[in-house]
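These notes open a run of structures that come right after.
What follows is a pair of complexes built around chain A, which joins chain B in one and chain C in the other.
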Partner chain A sequence: MNKEGKRRIWSDYQKEIADDHFFYVRSCIRQSFFPGSEQFFLNFLRNDLRKDVYENPSHTTCTGIGYHSDIVPLPTIMTVVARHFALMKESGYKNIAISCVTSFGIYAEIIETWKHFPEELAKTRDYLYRATGREFDIPENMAHTSDIIYKFRNEIAAKAKNKLINRETGEPLRIVEHIGCHYSKMFPKYGVGGAEFPNVLGGMVEAWGGKVIDYPERRHCCGFGFRQYLIQANRGYSLSNTAKKFSSMSPYKPDMVLTNCPGCNMFMDKWQYTMKEMEGTVYGVNGESIPVLTYEELAGLVLGYNPWNLGLQFHMVQSEPLLKKIGIEYDPEDKFKTKDGKQMPIPIDLINA
Partner chain B sequence: MHNLKKQVIVVGGGVAGMESAGLLAREGYAVTLFEKETYTGGHTSHWYHLFPDRRESRDIIKFLEERIDNSNLNLLTGLKVTTITKKHGFFLVYTEDGNEFKADAVILSTGFDLFNSSRKEEYGYGIYDNVISSADLETMFRAGEIKLANGKAPETVGFVHCVGSRDEKVGNLYCSKLCCVTAVKQAIEVREHLQDTKVFCFYMDMRMGGAYYEELYREAQEQWNVSFIRGKVSEVSEDIDNRLVIKSEDTLAGKPLKIHLDMLVLMAGMEMSEGGAKIAAASGLHTGQNRFFASADHHYGSNKSNVKGIFYAGTCTMPMNITETISHARAAVSDVIDYLEDRN
Partner chain C sequence: MPESRNYYDLLMQDIRFEEGLNACMNCGVCTAICPAAEFYNYDPRKIVDLVQSGDNDGIEDLLKSDTIWYCGECMSCKTRCPRGNTPALVVMSLRTLSQKLGFFTESEKGRQQFAIKRTVGENIFKYGYCVASYAVNPEMHVEQGPIWKYILDHSHDVFERLGGTIDSLGAGPLRKIPDEAREELRRIFEITGGFELFETIESHSKKKAEEMGLFFKEEGIDNEYFIEVFTANNKKHTS
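Presenting the complex of A and B:
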């Protein structure tokens, strides 16, 4: 493997990422499945980096899941996205920061559609105006929030309390990164590092001391793929995709998987439970499953945040083996307590706990 | 004998340039042949054997070198031509060192560039050590040793056809025409060098439209057991033992295919040369949708440009094999003489 060749590709895909004044749009599902991730992003940008990040309470779903399930037609989703752009315009922002990879792909697809088919842009302006009386501008800068963490990865490294190094062996942690199909596979120019050898997550891993694992099924779908999962009869197909990925990465003995996309994290995390239940198969070492973290959660660990405040306990595969490798101290008693110290019900059959 | 004072400049010292310059010199014209490299022969000078008869490429180079060994011919190597302008019926040819040269007619024989295989990112050229190009393999043949990055001989080798050809994604809709037969030739040569090595060719269509090409294709299958799989390679990666993992589709069997190989050879297509494109842009010469020089007439004026007195020879107009290139160069000479002798 020639790193120089990768750097050459990365140099072709260096997108411009705004430095400040972000109009932040949340994901539909991230707040439920990894509740600390978006919170970390907002805290870090606003309080650590002193950036201006604005959220508009009238922002809604982008309807991407409905679109990819053939429930929401294209003119409708274009009008919904146009409404988000109208909210941004009304709020005085020009840089959009998108939390969800599905939404990011939707925004990219729609902006590209408008570029290539201006008549669709004109129609969308008309639909939005007639429905809401609103007008919109296309963002001057569009970034996925992982782009923004990537941009500030060295600032995070400079403030690091923990490095991605195995405390016992002194070796870099072996990390599988998975960018999610809709981050850059449709439009490589919108992704840091492109689509084939992306660097958005890899750049974070290396800046924080870890080592990226390249394995044969690195580019393969996580198993979500919308209709693979949303249609119940297809779920075996979803699961087999995930199994293929984990079988391929397993020989490299990864310490964790780092994800970009809410769907990818959910499926690579939760299907490990399913595969263990169905077949008794685990893909990590020592009978353990492989923790699957978001980039915000990993950034938070590097910066020394309390793992339970980051919400790591809400994954299906628990992160204690990873925390021990890094040398992060935690109190198991606090794991399922509310912020004011009340004990919550403790889930049964957690993996790696 | 023609008037020696009539001067012709030939730009590009590959097969077409050497043949046309040599013939014009033989006819008594004062010829200046420019070559940007320090040597003549172009791509052919790096090649090992030629299809379909597997002769040494050096034979061709030797023939062409003899062709340009003429006192009427002035060879200037290591010099790039940048612009050509027409003034009062003659041409001024400018070189990158700031000099200008006068001529009564110009032949552009700027050739082609091999497609840069790293642009097909999914194949990992320049990233995975044992993904090489067809040109890299010729260098290995010449060195007499086909080996992997670890120095061992490959036990399995794959060839990917149409790398940078017939590919809308890289902007090349055209067929480079020579890659199929080159892959067949190279597949046989791999088997000759390494008799126990298994060889697979991944193709879209086998375009064997040349004399004795089809016969070579048959020989590869019958005599050398080369496996031809109809399907494009979608991605390449490396496994934990640094073997290549190739994903493709066997479209005849209707099944996806995953195969482990030691070495993968990318059959790089042909593109308009960077130097030719710059000259075209700077000199007002027309190029086609395929970015090669556009001939004045596709059927009966393929050597003529949109500027009277500037002619084209060889692969600067489209992909050609050596036989076609030499014929095209000779036709260019005929057109140049007609122009200089007012026979139009």
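Presenting the complex of A and C:
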């Protein structure tokens, strides 16, 4: 059978991901809610893989949350992002590694806008120069940080201390992956597998021994909706969409949810708490809620990192049921200790605790 | 403000509108996939259909309505439109125009722009971040649960274990953004129209607060008008 045509079509869904020398840009939400995830990413790339990852202290918000809640105009965000590209150029880097799916979507939208409307690129260059005296180049390679973990998923598998297998049954863990709308729904070519076959998280799960669980609302939004969460009066939108997803996945009995976007992670974790408080609803088995992990947290567990150095204790839904399933040994006494080993107070009313 | 009040022409000045609307054939796939249509009285197909008809009065009604503020900008409609339209981009251009013309204060959902400006908008200059842990007040975010208050109460220890000292200069999580960098952000907003939009939101909101008889303060969130727009829900948004 001639497979040439299929190969050509499939090539549209592949993504080239740089191998080294990354200009790393943090995420407002990931660093606020999941600092252990960003720490893992940097440690793993720098110390385990010996890659060059540079973080410029002058990098700011991309203003993406403001843009998607319509208080930041397009020319403004284009110029803020151009400033990031200028910092990258000045630091001698060409490959950008973005820790936030909202920012990733913003960068993609802006680069594509400049391609379709070259006069906007010229205007942005002028704005940036007038505002800061800086000049910029468009990155040669743009990766979300999950793309980079995906690229090195087999290296992680080779070093795995823990596989994503239920120790008791010997079966692969049942994992729901949530890509996040702005990763590839807007500009499919920037995502691994595009919008139709997104495999950035699925590829990790399979490489590490787990099984990806399909369910009807797999690609439904987490419910963030920007202004629909930022404003208290609108949060019913956000909560209802999360409830729709969890009701849809629940019959498939997932052991955990794996997320790409830090915002999605925060909502899918915190709204489970809210739904339990409001209605007593839990979506996992045995009266438990479903742990929601970032890809860095999961990679860290596979590599045998201490779960408490990854920050799993700072989710509302606690991960012990998952750790037990995998057979990860952990020290409960170490869970709420400072870096220097001093005991901190124990928080109360966490879920699955 | 341009003299012309042909709203379609004004929308065409926004490249997102030009990019987002080719020709809609009214198939309704956008509505089928839309998370906002799932829960709000919202139908992106109808919005795109009305806008492409060029009905000036109809577009003005839309600009003054709650309708254009229901979208969550997830952009799921972009992937699925068989004609390559992006209804969410059309909505974004409608929202921008509604604010420019001061129409946003005519609807409950539109008035909320003031609260977003006073929170996320101010964060950008105060901290250099749209969102930062210390700006997420547990009282305004009860859904974050007890762990959030715990993290804020023990920020130093939590962040030190998970990545470094926050609010310090140099690389690291939630680092202090240098004054020079925040000053550059400020100049970018000045030159590109960011502050102009902020001022437009402020001035129309102030006017509306007076009209509604609500106490308004020039800054901060501790005032009647902020609380009203942040919390008001007339329960007429869903069926």
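Operating definition for what follows: the second predicted complex is superposed on the first by the 342 of 353 C-alpha atoms of A that agree within 3 Å, B and C clash if a C-alpha of one lies under 4 Å from a C-alpha of the other, contacts with A are read in each partner's own complex, and residues count from 1 in each chain.
Going forward, a residue touches a chain if its C-beta (ideal position, glycine included) is under 8 Å from a C-beta of that chain, and two chains touch if they have at least 3 such contacts.
This structure is a prediction, so every number in the text was calculated from the model and none was measured.
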Task: Using the superposition on chain A described above, determine whether A:His68 touches chain B (first), chain C (second), both, or neither.
output: second
Message: For A:Ser240 in the superposed arrangement: first (chain B), second (chain C), both or neither?
response: second
Query: Who does A:Ser32 touch here: chain B (first), chain C (second), both, or neither?
result: second
Message: Quick check on the superposed pair: does A:Met344 touch chain B, chain C, both, or neither? Answer first, second, both or neither.
response: second
- prompt: Given the touch rule stated above, what does A:Gly5 touch, chain B (first), chain C (second), both, or neither?
  reply: first
Task: Applying the touch criterion given at the start, work out whether A:Ala131 contacts chain B, chain C, both or neither, answering first, second, both or neither.
output: second
Message: One more residue to check, A:Tyr330. First (chain B), second (chain C), both or neither?
response: neither
Query: Which touches a greater number of chain A residues, chain B or chain C?
result: C
Task: Have a look at where A:Pro216 lands relative to chain B and chain C in the superposition and call it first, second, both or neither.
output: first
Contacts on chain A seen with chain B and repeated with chain C across the two complexes: 195, 219
Query: Any idea which chain C residues touch chain A in the complex?
result: 14-16, 19, 35-36, 38-40, 69-76, 78-79, 92, 95-96, 99, 108-109, 112-113, 115-117, 119-121, 123-124, 128-133, 136, 140, 143-148, 150-151, 154, 157-164, 169-175, 177-178, 180-182, 184-185, 187-194, 197-198, 201, 229-233, 238
Task: Sort out for me which residues of chain A touch chain B in the complex.
output: 1-2, 4-6, 8-9, 194-197, 214-219, 251-252
Field: Contact footprint of chain C on chain A as seen in their complex
entry: 26, 28-29, 31-33, 35-36, 38-39, 55-61, 63-66, 68-76, 78-80, 83, 105, 113, 116-117, 120, 127-128, 130-132, 181-182, 185-186, 188, 195, 219-221, 223-228, 230-237, 239-241, 244, 270-271, 273-274, 308-311, 314-316, 337-339, 342, 344-345, 347-350
Query: What part of chain B is in contact with chain A in the complex they form?
result: 118, 121-122, 124-129, 235, 237-240, 242, 245
